[in-house]
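Each of the two complexes below includes chain A, the first together with chain B, the second together with chain C.
This part shows the complex of A and B:
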């Protein structure tokens, strides 16, 4: 099989800008997902009255609808409510809406796995609720939840491949475009795979490393 | 340190605690003077752990009052957060915070809760570690330590907050036999130095050696209370006699 190298060299800049877009959406989306997830998991863990049910409803809605549909709602629905967002902001919002629930559920299982003894220990030295979460509960919950959180990160990065439906020129979208225009299917798909691997392999390795570093909790009790 | 006939530091009056409808603590009256070592013994399930947990508010009580240094704990002018800094507690499960090194375990309370100077607390922590023979383990993680070592560090962690009274809940009960002694020796040393202690234990020989007073609990009440010598030689109640007999073989 011979590849059309001239074509590849020519379209690399297109892929470069697409990968940068994907990275930007993914990083911001994942970070926001973790923040939303942390807040939601704490609300569930402490069963905060009034908010607990609201958060459960959000989580079920978010987990049980496809990202494509969530994006459609944001992209076509929000302007009807008078809220104008850029395509990219919509994609980030959508990814966060989806990722928040996944992160929340993973973190909640981590929080619930922190033993009652550890909580009592923290209380017994006079920690207040905020300090207890910050110094005792959260670090241990993170450690327990790390494998699940990592899987969520990778899942969310891969999910960015649907943002082309709201007219964003991400990797998936430029690939389809190039195939449509030039019929260099093999080269275009190969570049697509290479780009995703370039994106995800480092993340994967980083997660393995972080997991190793955080593995203290399981030896604790 | 302080004399054994100091003022009352812990005063418990009419303490009642219910789980569901059942009274687990059914009217406990107890007062402990500064420098005194009181040992609580009694059959499993009689409410010893619950009593200690009520004293520092890990369990809420329904009736009665608990005063530390004259102030009612859990009240407006003496919050649980404040009270817990005066009450050191060591648990049965020799638990440290697994994600922190030994020294960070010890510093957490003094630095974050008491807002004391890190350098000053570190000096104190190192001196205490030295005293329990673990100065060389200050940078270790808990998983690198034996149960007995962890328990000695748990004691240091509580001591480093300069508590008025120390509570010990069966701190050797989950340890391998060869590690029991090293922990008891630390506690004995504390007693000799005049630390006020309320100790729950099943180690009868240790109780004899360390106790100024024995408090025998049964069914959520204090069934008998006397000095250690009298209690072990001639317990006044039949219940206490039967309990003590379970520790000896004929």
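This part shows the complex of A and C:
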């Protein structure tokens, strides 16, 4: 089984544009997920009346349905109600809808792990709510939640592999297309795996490093 | 109801077809879960052995499934089987093999984590009481391990049910594909069909996964010390 190197060189630009698309969707999706997750977890933590129940419902709904189904609904179902979104916007929205709840759960467990004493001490030295979150709760919660947040990032990047279902030219659809057109199955599959490893291995090493750094913030356990 | 399109869901025939599609996916999920649980226990126990070589090997296997998306694995076996094994595997077989391999890795990690989390003094006190090796396992270790494994293992079931929605990529006729067929069939009569059908599928997945994950959360609360 020898590889057709000419073919590999020829299709590398196609894979490059596909991997850029994946990276773009993943980065925007992860950042938005963290924002949504942070807002949701704070609502849950402070038990904001009215919103709290809504957030719980959202979290359960999004955690218990697969991304493929969510994307199908967003891309093929919603236009019937007059909500038209481009496929890339759909992918980002779907990823955020899914990721937001995972991030919220991880952040919430971090927030809840910060001991009551810390909050009371903060209040007793006269911090206001914002200062309390910024200087006392947040740093400690982050160091506890970091491993879970990192795992969520990897999970979300992996989940982007399904976006070809809504006609985006990502790594999966490019691979399928090349296999169908040229029958160079070995080369196409190899490039697919290499691309995903290039994407995910650095992220997972980075997360191990960040996790180790944040251990220093752990306090009074 | 003129043109609201909801009546597409009221047709018995359509519902029956969707249910059949769903059963196909669930069947793949259930077979994979059973295989994963059985193999995963052995895999997990293997990982707790002190042998460095075995541990590294198991670790590489686990990380291979953690790093590379499941969909990529499905593609690898689906398109690659013809080259490597010179046979053509159909989508269902490919899915069951890949989901079982992935589930075994995940289940194994759960078992490993649990068995190594049981404190040494539990073993030692049991032995100090004069229990035999078998009794230590039967009355002390297994009951504690089971309680810690159950919540995450049940959670793994929901993850597997959710992940089996990927089988649509390898050409298995499942609920999404059936939904698409119904929508295309009703295209002229009923342009709103896609909203209701995909909304319905979304809801069905929720109805399956929600009780299971709720159950796992309940067990976790009940059995945590």
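FYI, the second predicted complex is superposed on the first by the 217 of 221 C-alpha atoms of A that agree within 3 Å, B and C clash if a C-alpha of one lies under 4 Å from a C-alpha of the other, contacts with A are read in each partner's own complex, and residues count from 1 in each chain.
In this section, contacts are C-beta pairs under 8 Å (C-beta built on N, C-alpha and C of every residue); 3 or more make two chains touch, one makes a residue touch a chain.
Note that the structure is predicted; figures quoted are calculated from it, not measured.
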| item | value |
| --- | --- |
| Chain B versus chain C as contact partner of A:136, first or second or both or neither | first |
| First, second, both or neither for A:125, with chain B first and chain C second | first |
| Partner chain(s) touched by A:70 [first = chain B, second = chain C, both, neither] | second |
| Partner chain(s) touched by A:20 [first = chain B, second = chain C, both, neither] | neither |
| Partner chain in contact with A:3 - chain B first, chain C second, else both or neither | neither |
| Of chain C and chain B, partner touching more chain A residues | C |
| Chain B/chain C common contact set on chain A | none |
| Chain A to chain C touching residues, read off their complex | 1, 60-61, 63-66, 68-70, 72-73, 76-78, 80-81, 154, 158-159, 161-162, 165, 172, 175-176, 179, 185-186, 188-189, 192-193, 196-197, 200-201, 204 |
| Touching residues (chain side chain B, partner chain A) in the complex | 53, 56-58, 80-82, 84-85, 87, 89, 91, 93, 95-99, 108-109, 112-114, 141-143, 157-158, 161 |
| Touching residues on chain A, where the partner in the complex is chain B | 115, 117-118, 120-128, 131, 135-136, 139-140, 143, 216-217, 219-221 |
| Partner chain A, residues of chain C touching it in the complex | 5, 66-72, 75-76, 79-80, 82-83, 158, 162-163, 165-166, 168-169, 176, 179, 183, 191-192, 194-199, 201-202, 205-206, 209-210, 213 |
